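For reference, the structures are reproduced in the following blocks.
In the two complexes below, chain A is the common chain; its partner is chain B in one and chain C in the other.
Entry: the complex of A and B
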């Protein structure tokens, strides 16, 4: 830029009209970028809270659900127990979408699942026909406040569980003489639907069993661990003796056929097989 | 050119005359409140017709009489742009409303949207109190916000405007229970009253921008009769999108030919010469008139 002969500033060869046009375009783009970033930030904040929401049965994985739910509330209207509520602006879950709070009203797992066909967008997957296959969340027990863990006979969660004996089992822990045995409720993720009837029924002041998004508690073993005592675990690596430094090493044994029982099986881990 | 229709003359000072002048306003309020009431009554009082719930859902998506799906076409567009394919029910519902709005124009904004009652109240109060704009803003900024909504939907993978829409917050929280979302309506009331005249509906709202684009093809139009018009400017004074009452263009085309026209019909009863009225697009052409400046296409 330099001062022109007429006193105005600008790039030579660019008339004022063109300069004004380009500048205005740039300023418009700047406003759009600022606004867009704020807007995107709002959306990201809102979406980040989605792990706190328990969705209706058949809900797609959370990212897909968030994209597909049109926030119309027809699922909530179809629910005969008023379990589902539409998130208000001030609530700590993403706005406008259906969720439920089991301690208030759990999902009673209607066999005809009326909320699912009410959904016009497919955010609730109409392929779900068996409500026991729904995965709304996962029940988690806080051993420190669970009555059963204190040695009392409670097991209310086990008794109200609609997939009793599969989602929640009672494990008997005998203890030494003069102490009660413990009857410990144990949740099994492969059968728990996350309906929350256990959380609703739990007699403690704040529920000791609570349904939350499995992502917040579930770990994963990872494929690099081999449970050697499980005979169905494939053996992918043949261990060889360390190469000796002398050239006249003993010959490498030919590959042996896989043993009938798993190689790690011995008296210490018998009975651990599923 | 002789007047084709002669209206029953009612003295404007009488109650009947006033009501006749407010007929479209009254009709708009009836449909705005009525639609909300149908949603509310179906949910809370179990309203049924022939054993079917009357209107389930809300303005984002609904089901009429247990069979007809309806859906907000702009919400559905954002969802599709976000990369998620939807079920045919909601696509069909969006198509039904899209066809309806191609017939009727941008009527959602003036006849259905509950925010219209908020912004109308603000506009009325602003005129009573004589409040001036804090700044001026181009009324085409809404189209950029519309583009931004689609870009952000694609980028973030969710319907960007639906997640922040004050309109959706308003009708959702009226129907499903009041919460802080209603403060969005309060914010828009303050914007329209104190900051910018017709700030939300006339400048910012991307949903209105979407329906304005649809409204370009509208079949229902406000017909303009140049022969009787005295250019008194009453119509532009009551219009909430005054640039659509470009009378030169209206004279050329025989109608108000802008997508932004909400067919609210504020201008029709106010016109002392009855130069404005509803007409179908094909009936509102200036062919019988000779315009010296008009060139043959």
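Entry: the complex of A and C
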């Protein structure tokens, strides 16, 4: 569109009334679209924030959970400790679905897991029979603010952990600066349920141990590497080379004619930088 | 000009990602994963990288490497790796792994100006042979050369050494260990008469004091640093001292950090010696029984060419010092001469000469090295108060001298890569010997090796231009005769003239003396100093350069022919690490495509040559040795025929597939079913790696260097053995009666090395009685003076430049930069610089600058923070980055005795690009 002398823009050959009508329609559509945009924006924010929500035991993976949960609130009703809350619009987690804040009320790991059978849709998976197999999150320790790390005798998290000895263990190290030992609480992801009893009990002003979605904190050692002392791998006594049909079995015969191109050729023919 | 960092990372390396190795555990249920791993096949092996020599295990499945782990049974590392070793399973699978011979061609023929085109091995060897014969006919044995490697397997080193020396009668084969350990070797020879350290890594667990001399062990010997750190933490009185030219990660746990000016370690060590004497701390009993005093000439030059014919105009001023030097005030005091005195360098031809002196003379030699003198000379941080520095030097002397302290000195390239590298090594032994703190658990000077098998492959095998296996030397007629006998060669087959060393081979390429060069398992056109010269020589001179490589690095780019080579785990092999531990491994997987082991390349190529091509008379320019006609090697063909050879015999038959070796058959139970592609390709049913090993070990037996039999190293329970291995037992501390079977009962200590143990006598300045005196059984305490670096900062090139490595990358990065994770961790070389130096030049962190010397310049980014903290006046950049060829800048001056290049100090200027 080109500019008019009065500064406005317009389609050439259109009168004012029609223009006004069209504009009004456009504006209405824009409001609707904007409203839609705002709502879509909210939903996207929520989806991004959903990684912050700690779900009840047995919850399906987040996308499936969001699809299955009908926000009926039965799980929250069933929980004897009022651990679960249904998210309201202004909270930082997606609206209407159950979550918990361990520092307020952790999951107390009921052996009969009453929240799961209360769920009518299977958003909390009824296959969960052993509450120790729940994976609601992963406890992570901030070494700087953990009193045990500083050398004090605390280890409250270790003692209150309902899977004590498996999810949290104590590793002793010499304290370099005096003849005392350090008692370092160490979380083991293969046993931690994410119940948050540790976070709830942690005596520091801001909890030094927190339950968080493992996706946010967990790394992975390369699948090409094993920690040498963790598994016994004796030297194979009868090595079986690759199947003779596989290309990895025999050296490539010399009679094979030279191909037209080979790896590295293009870089080599670029030569050196000046 | 502003370049983004991404643009600046040149070449296809960033895009060459390793293919996925192994099966991602996350995709499998845990139970299925465990089941799958049950079918993996594990075997023991070693890490590909540094001289620490960690043990690892390798898992394969269906002919592919699926995982590695640190070997929990390896005494060196007990299951640990550093971040390079962690990727041992991925270095073989870079996208641009060379799998086909490539040759420069035009119109279907070799053409030095052509582009690389894939060829068959047959075509490659055809041209290689044609060029070899052409050069050999024109130039004789000195016209063909090999730049070999301390990263070859021991058997490969042995095979190439034999091919060159026994087959082609050429001594022009020298390894990159020349630039790594040569100074250490020269000092082992001059002080002890035998190569390699007395102690072993267990010294760490016995000692109270660990002094690092110019060695950033935290990054360069990472697992040894773990052991040092544990010792420091567990043993309350343990102390770690970092003597360095700039603050680095090794300072993190150091109790004392001494920043010194480049090359003033020569003065600092003399200060310590002077203190030992002044405080009456000499271990008189030990010194009288086991040591003698010695010294040598000072006017030995700097390992540069004696002519400036090939020097760029800017190089000529420094080049001139090879002929004469004007002493500065410090050299004058340290050498008992006058400041400003002009000294002609008369002993460049005989720099290793040395003679006995009295203790009084030794004392007089160290007398000038007072605390005041040395502190003023050596203080390396201009911002450090002098009194502070003095206190530190004194503390260092205290640590050495304290009779309650056991002391281990560690060093690697800070000493070795110096124009006075041999002297620096000798000085370290000087102080340990004076104190009697040597060859005992926790007490001794420990020369650390940088590469995985400088010890095993280069030094022990004698794969140098002047050596033969097991500490034998080319110039020694008895050693040559012994080797000829072991190798079943006619007398006088071996060339008695020392060949060109590594740096000289490159100079020979430049001046046309060498016209056929085989580069194997190293990357000299990136890693040697002053590469502008050699890059031009390779491409523009009339020569033929063959490069055996795994990846397309700089040397491959300037080659005429590239041979794809098998990497570790793709071939049988062995390495010898820094503590004399020899470790063997089996082949785990096939090399990819047409890649073949170096040992196959040597043997297959040798099939093309006949005895008559080389064992007739050969011209050797400059040969002047008693018992030989000047300028030539005699024909040994008659003698050969008498011994049962035919002139038509191939070198393969005479050197490798000998009757004795053919008896070592394949398959062999020691293989446990593992393949051997070399055996398959050779097709004549013998087991080269075992046969050549068994052929080699007799060289090592009887003189304190004993290696064990092949099968012993492959025993499931063995994780390498520290030689000498006598009656099945390894040796922890050499020369010590309680630990070394070669020391007679009652001797206490016996420095039984044989080399250079009959020397003349003299005073501090010269020989006074040339008659050789035997010092059998003794170690030598050398007086060596301070000498200034040949190139120092001036008004034009106003900064010191030093180079070395970083933990994440190995050498020229051909392997580690192809591991995406390591490349991401450290994508490019940066230049560490003091923030004030940057500010003064209008530079800020991350600015692109020119780093320029007399010899060349490169672009690089400024780093004012990070892992290294430079003093004002000095910059540091690592050499792993093909996109930042810092060796265009470095100087090819060398220790005249060892011929090892000085990478640690040259003069540069830095300005915005």
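A few comments on the model shown:
In this text, the second predicted complex is superposed on the first by the 176 of 274 C-alpha atoms of A that agree within 3 Å, B and C clash if a C-alpha of one lies under 4 Å from a C-alpha of the other, contacts with A are read in each partner's own complex, and residues count from 1 in each chain.
Here is the rule we go by: a contact is a pair of C-beta atoms (placed from the backbone, for glycine too) under 8 Å apart; a residue touches a chain by one contact, two chains touch by 3 or more.
On a predicted model such as this, the values are computed, not experimentally measured, just so you know.
Legend: residue contacts after superposition of the two complexes on their common chain; A:224 is shown touching chain C, with no touch to chain B. When the two structures are aligned on the shared chain, A:145 is found in touch with neither chain B nor chain C. Of the two partner chains, chain B is the only one touched by A:122; chain C is not. Contacts of A:169 after superposition: neither chain B nor chain C is touched. When the two complexes are overlaid on their common chain A, residue A:189 makes contact with neither chain B nor chain C. Residues 42-43, 53, 56-58, 60-63, 69, 71-72, 75-76, 79, 82-84, 86-87, 89-90, 93, 144-145, 148, 151-152, 155-160, 162-164, 168-169, 172-173, 175-181, 183-184 of chain B touch chain A in their complex. Residue ranges of chain A in contact with chain C, taken from their complex: 174, 176, 220, 222-229, 233-243, 246, 248-252, 254, 256-273.
Per the touch definition, chain A reaches chain B in the complex via residues 28, 32, 35-36, 39-40, 42-44, 46-47, 63-64, 66-68, 70-74, 76-77, 85-86, 88-91, 94-96, 118-122, 126. The touching residues of chain C, when paired with chain A in their complex, are 10-12, 21-26, 40-44, 56-57, 59, 62-72, 78-81, 86-87, 89-90, 95-102, 115-123, 233-234, 535, 551-552, 554, 556-558, 562, 586, 589-591, 593-594, 596, 671-675, 677, 680-681, 716, 821, 883.
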